[in-house]
Amino acid sequence: MTNERMTNPDNPPGRSPTSWLRFAAPQQFYPLAGRLAPWFACTAAVLTVVGLYIGFFVAPTDFQQGEVYRVIFIHVPAAWMSMFIYLVMAFWAAVGLVMNTRLSFIMSQALAPTGAMFCFVALWTGALWGKPTWGTYWVWDARLTSQLLLLFLYFGFIALTRAIEDPRRADRAGAIIALVGAVNVPIIYFSVQWWNTLHQGASVSLTKAPSMASTMLAGMLLMSIAAWMYSIAVALWRVRALILERERHTEWVGEVLEAEGRAR
Amino acid sequence: MQWESWSAFWQMGGAGVYVWACYGLTLALIVAELVLVIRRRKDTVTRLLRWRRAVGKDVGGQGARVESVE
Amino acid sequence: MLAVSELACLKGDRLLFRGLSFSLEPGELLRVAGPNGVGKTSLLRLLAGLTQPEAGEVRWHGTPLARAREDFHRGLLYLGHAAALNDLLTPLENLRFACAAAGDEAEETACVRALERIGLAAQLDLPARVLSQGQRRRVGLARLFLSAARPLWILDEPFTALDVNAVADLAATLSAHCEAGGAVMLTTHQEAPFARAPRVLDLGGRAC
Amino acid sequence: MLTVFLAVLRRDLLLSWRGRADLLVTLAFFVIVVCLFPFGVGAETNQLRAIAPGVLWVAALLASLLSLHRLFAQDHADGTLEQLLLSSEPAVSWVAGKVVAYWLTTGLPLVVAAPGLALLFDVEQGALPVLTFSLALGTPILALLGAVGAALTLGVRGGGMLLALLILPLYVPVLIFGAGAVEAWLGGTGATAHLLLLGGGLAGALALAPWACAAALRIAME
């Protein structure tokens, strides 16, 4: 831990070539992220177009639910992504705490707003799908309820990291709450499911579709991958802004900024 | 092809309101997020340029370098 | 005893100091000097292990602090800006708790003796909230008499709010600790009558 | 290790005793929140009986949140926390001491008062031991999780509200199993499974929360 903090005597913090884990990574990652992000964004756009085409024009009408099931092409990807992003956030938080690397904290903070956005989308589409299918916008279904609690966890993480002014403390405090939340997500899911079965008997299952056509599945998977690519692209863009902010003392950020200033 | 006409497509078998509300909101959120991300980057660059002009070129060397004791 | 190499400290947006290297040997009294805001308190907190340096490292008897934490904290007495007094407790209760929390044996008689020695015999059983600034400072300093076994003392502005006699007495105590093979590191804005002139570490030398 | 635990425990209990008016606030809040419900939902006995476990548990949960942000605030302000972090003893020991003292002064009164309040809702007398037991197992979990939140939000502006946002979602499983235990007993299925899960949760929280809390306090010093 302390070895990484060692720097060359002539280099103030942030410029050391030896401690790649701590300092060089943001510097190298910044241009890399800038190059990669457009590719992810383009892939996401192409996959979305293909996925939506399959979803709306190839996939057949569901014989039970009719056309309204077509919400599935955003509902399920959004729900998957919201949970997956939280786990990835917790993973980066753990990496940051163990390896003491700034970039990992930045990653987890860059992912949070996108995760919260998908979480909200999953809730919104779930409610709008519920109205025509179950006749009500909201049931205290285990899935919807855990999704709601996940949204609160996202809000908590974002609020905490924004409220603490010292970036180093914000990084670490956010990492701890992300990990505590990740430990709790399965517990919350399990407890809500338990509570739900006791209170309501068999609950209505959103994704239980015994006769799901392969084209429906294909559309859903394509849209999921698109959502994944989109999240990566947006997170990379956000990481770039955060890196500039955090590394503003360094020479290389100065050069980047001057180049940006000239380009304007 | 699933649809007889465009109006059938928009109506979604009667569930058009729900389906398009879902897709509309998702689209709006994604566009909003992209706009925010781009705006944030621009803001950061402008703010940091201003900040660097304010503190001078040698931002990394602000702290006193303490060579020796005595 | 304590070796510091290439230390840098960042506070919020500002780099307080960098490239700071020095060592502290038994018997030494080191005074950290410099104007307000130059990072004296930050340096002491960093050396005590309360915060992490931005770059560089601190070694305790040759081992980096992160790996020698327990041993280091057993040999350290740090008294910060705040006196660590709870207003609802008496000086005696505060002192006994401070010792117990630090992991020291805290005999009641020894604590009473320490408080009497520092001139608080009359305030032993008053709640701390009625004490004056100088008296509060003294309660914290009473730990010095119970911490002879801890070789390294790091004191942030120990002379603040003390009267002339108390300053002389404290200076004598610190000098005696160094004589006995301990080391003291402190910040102060006032001159104190030490037996031997302290070594000075000037942080403000090239500050902007 | 045990000395530090006991020293912190004794001191915090003594401090609570010296400021005992504050203790009553938590209990009074609990009683008042519980008593508000009949005004809101109507005094129909069957309905009150049905919602009683949930009402008591939600009220206990809110009451235990009430003074949580003060858990480390005083020690942070007067420098005691610095000294504790510089102790050569493991931080877990004194964190545990503080949490135990906090539970004894805010959680235990709720556990004791709950059966009496349950009678106001005409809960079957046989369910009262289950209620007490579930609260006795559940409120320590609330205190342990809450301590992590209190440490994370220490000295942060708007800390109180932030603390609620951080911690309340994590409290949901405790609420489900706690209130569920009483309902399961009343429903005739037996509360053993719920109470076992609560016990497991308590063991897990005891094993993890003090470490997380100590780490958060170290971070808060930066």
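Lettered A, B, C and D in written order, each chain numbered from 1.
In this section, a contact is a pair of C-beta atoms (placed from the backbone, for glycine too) under 8 Å apart; a residue touches a chain by one contact, two chains touch by 3 or more.
Chain identities (UniProt): C = Cytochrome c biogenesis heme-transporting ATPase CcmA; D = Heme exporter protein B.
Since this is a predicted model, take the numbers as computed values, not measurements.
**Q** So which chain is farthest from chain A, going by the mean of the CA atoms in each chain?
**A** With centres defined by C-alpha atoms, farthest from chain A sits C.
**Q** What chain pair shows the greatest number of contacts?
**A** Max contact pairs: A-B.
**Q** How many Å are there between the centre of chain B and the centre of chain D, using C-alpha atoms for each centre?
**A** 40
**Q** If you average the CA atoms of chain A and of chain C, how far apart do the two points sit, in angstrom?
**A** Centre-to-centre distance between chain A and chain C: 46 Å.
**Q** State, to the nearest whole Å, the distance from the C-alpha centre of chain A to the C-alpha centre of chain D.
**A** 32
**Q** List, in ascending order, every residue of chain D touching at least 2 other chains.
**A** Counting only residues that touch two or more other chains, chain D contributes 222.
**Q** By the touch rule stated above, which residues of chain A touch at least two different other chains?
**A** Residues 12, 166, 249 of chain A each touch two or more of the other chains.
**Q** Out of chain C, which residues touch more than one other chain, so two or more?
**A** Expected reply: 8, 15, 18-19, 52.
**Q** Which residues of chain D touch chain C in the complex?
**A** 3-4, 7-8, 11, 14-15, 18-19, 74-75, 77-80, 82-89, 94, 221-222
**Q** Which of the residues in chain A come into contact with chain C in the complex?
**A** Those in contact with chain C are residues 1-3, 5-7, 9, 12-13, 16, 165-166, 249.
**Q** Give the list of chain C residues in touch with chain A in this complex.
**A** Counting only chain C, the residues touching chain A are 6, 8, 10, 12, 15, 18-19, 52-57, 64-66.
**Q** What residues of chain A sit close enough to touch chain B in their complex?
**A** Touch list, chain A to chain B: 12, 14-15, 56-61, 66-68, 70-71, 74-75, 78, 113-114, 117, 120-121, 124-125, 128-129, 131-132, 230, 234, 237-238, 240-241, 244-245, 248-251, 253-254, 257, 260-261.
**Q** Which part of chain B faces chain A closely enough to touch in the complex?
**A** 1-3, 9, 12-15, 18-19, 21-23, 25-26, 29-30, 33-34, 37-38, 40-41, 44-45, 48-49, 51-52, 57, 59-61, 63
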